[in-house]
């Protein structure tokens, strides 16, 4: 029996994105430090610039429907982040928007379905598989865990907590891998021993969902 | 926000470094290029040129003069500069495409970096919706990176400059889009690069060097973002470094024996002209010893990483058409001859 | 001898740095210049040009492209490079004088450094014995140094590049020695410079930086040998630095209100193009705010101190003849247009 | 009564120049360090390069006359040192050569006269006065002391020792002065507190004379 008690509306998504924005701001230096090890030292500032723009855009927007809101987020990320993260996070939200459509607030399953669509968009845009040492290594296990818990009847908060744990585990696993995608791939074997910055920011995204959506997204759980 | 105390750069607000620098570029070269601040792109002052194929490129800033310094007659019609070491966003690339489109189509010159490839891809999708004819050529000349299936492949390095010059010259001659793209692909096919870093560099927003080298060590196989290279080795003489660089490049390029080549030695930004020329002297000798003749040579800062110290060699096997396209007049901020 | 471990430069034997670098310069620009190893000088590939006044200069190496990178059509006929930051010796200057002498006399462009003035003086004495007609113009455009009687006076800085271009163009047009020297003197009279150092530099033989700056401090009023400047001050924004530099230069130059000027912003060698252009944007605005119009602009590395980080502004008040001489074709390793 | 017992021939001068060459080699780093403070960090290498060439040139030369030997030294310095030091030290020896003429070995007074001529050459070439914080600040008091002691009847070794002491005192005095000539003049007031490198090398030249000529230059005193 899946969780149908929770509805995720525009307000809940805004809370999620605000939470993610805060976490990105707090961890901007950390993300950049990770990117300094095996990249070009800009993942923190890229994401920070993008999420500041997202927060400003959604605060200025009065819409309450998840679909248009997620589309605004995706477009804003595409237009402000640049680098690899811009098209990837942008595609994540644009695909979520497409999955959400204009059917009004999402239930837990609908949210999970949208996230799955987003993940597939990222993998397609990045031509990435799990194990390539990218953000997909955190996102894919998180979506798997979310679906599995919801399918086995867990409420959204429990399922999201499991997703966040899976994301963090996937993120930590990246340290042991050789990068095959992203700039870190240029380092070959030298990329081993360093965590992938995109998997760290993707984990923040899932953790923000726990904080924002986990306890009854519409504030009335 | 003032630069941090430890960062000694000509800079106002680090977050505005790219914009402020482009304002200066435009002020210094008013007859050559314009800075379209609304779209965040640099366009040729006299463009779009009626009937001409547009050639555009773009990429993370910090690699100047690439790409903005190559906008002008005989080279690029527009360039989309991203933030420092971050690809431009699709909006910029789309705006550059439209600015360069005179009805004969537009060539996108894209360095094979994940961010650049994806942003150009999204821009090309959007341009197609707008009805623009876009061809894309991805440059991937860096022999330091293994080119195996399932990986991101090789970076685009110095060959990008050569593609911009040679495809730009073909476009200036009034060639059609497929011909211009064909020139670009031939250059990608026949060019290889390898870089050496003697230091890292400090992106303005990060405020500290990307990495620090222990005394007496250097990085081999670097790209253009001040990031570590393929391996770290002890410092050695210019003679030994030249032999190593030339061998890396030629082994992969496998030029026709006796082939005429173009040799480009680009500094990484912080290496002075005297050192570059010293290294070029050794490179020139190694090339000749290996049986190829550098009939065209260019030594200076063309594709860089901020103030990084180091250099990268690009070798392009030439044919008569490429030689004539190379010699064709060009007038950009960073490359100028024949006019 | 290999470079010391802490010195990461493209270098073989530090004692041979100048020679090795000139070998590379000649290899990179065979149609433009030749390196006469026997005399240790660089000469124009197609020189001496019959009937033309010869224009030569020389100075300590380490300031490249000055002077060797300015040998070629429309600029210098020969250059005498000394050891790093040490004036050339009279033998070299004499050889350069003879190499440039096509019977119409030779102009010596000398930067006002004690060593350079004395070595050129001795060379001119020797040339006179050989019957060569030599005119000497001493360049002293550095406003950072007090110009009082009994002192060595002001250094010759960026105006040297302008003298070489403008007197070189006059010579290329076939003007007589006194006219060419007159152009050079007019440039010296109407040009001023001021430099800012954000780091020192490491001469190859010394093997360590000439000085070290405390965090967050910079040097104002520097020359071209990586030596400390007139005063040390806290780091500040490009906007504030530009205002300071422009005010130093214009206060001393006192240009005619509304005058057209040439603004040259030269990096010190280690400052990348993006920063130089950023600073130029601010300089351009300050100049216009002060009522002078930079109708000609040049931004890049023209007179440097090895890999020092920093920049120097040179402002020259123009007239129609100087504008036309500036626009005249030039083809050297470092400056090229119109051909 | 002046010292007429000493004769300074080519062999004695060679010993002097060898001594000077050794001292320059030993102090090359020190001279460069001084030049780093207020100049361009090359005085040691300039002088080292020049004196190595001088030693090679005089070793290859069979002449025994002071005049031609001093001329060879001056020409070699002019042709190899560069910078300010080249024309200045070169002029010093060329003027000494002119003063020595071809009259054969010098006596103490002849040597002092030649040195005075050399000093005047340096001052003229450099347009320098004493107190400008240059090598003249060491050379001028040294020549004064040499002449004064010889005039009062002291033997050459005593007179040279006094000259070396005067050179060293002059050298030390330069630290308190503002440079008016040479590159150090660009520093203005900032040059105060630093010894002039040229005055240090000039002091070595006089000290070398003490060691080489002081105890009977022709080895038979």
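Read from first to last, the chains carry the letters A, B, C and D; within each, the first residue is number 1.
One rule holds for everything that comes next: a residue touches a chain if its C-beta (ideal position, glycine included) is under 8 Å from a C-beta of that chain, and two chains touch if they have at least 3 such contacts.
Keep in mind the model is a prediction, meaning the values are calculated, not measured.
Trainee: In this assembly, which chains make contact with chain B and also with chain D?
Mentor: C
Trainee: Hey, which chain ends up farthest from chain C, C-alpha centres compared?
Mentor: It is A whose centre lies farthest from that of chain C.
Trainee: Between chain B and chain C, what's the gap in Å when you average each chain's C-alpha atoms?
Mentor: Here the centre of chain C sits 29 Å away from the centre of chain B.
Trainee: Averaging over Cα atoms per chain, report the distance between chain A and chain D in Å.
Mentor: 77
Trainee: Can you check how far apart chain A and chain C are, centre to centre, with Cα atoms defining each centre and the answer in Å?
Mentor: Those two chain centres are 55 Å apart.
Trainee: Report the inter-centroid distance (CA atoms only) between chain A and chain B in whole Å.
Mentor: The answer is 33 Å.
Trainee: Touch graph across the chains, line, ring, star, complete or other?
Mentor: If you draw each chain as a dot and join those that touch, you get an open line.
Trainee: Considering the complex alone, what residue numbers of chain B touch chain A?
Mentor: Checking each residue of chain B against chain A gives 60, 82-91, 113-115, 118-119, 121-122, 142, 144-146, 150-152, 155, 203, 205-206, 210-211, 221, 223, 225-231.
Trainee: Please give the residue numbers of chain A that touch chain B in the complex, ascending.
Mentor: 32, 36, 38-42, 45-46, 49, 78-88, 90, 125-126, 180-183, 185-188, 190
Trainee: Quick one: which bits of chain C touch chain B in the complex? Just the residue numbers, please.
Mentor: 2-3, 5-6, 8-12, 17, 20-29, 61-62, 64-65, 69, 198-199, 213, 215-216, 218, 235-239, 241, 265, 269-282, 284-285, 297-299, 301, 304, 306-307, 309, 311, 334, 336-339
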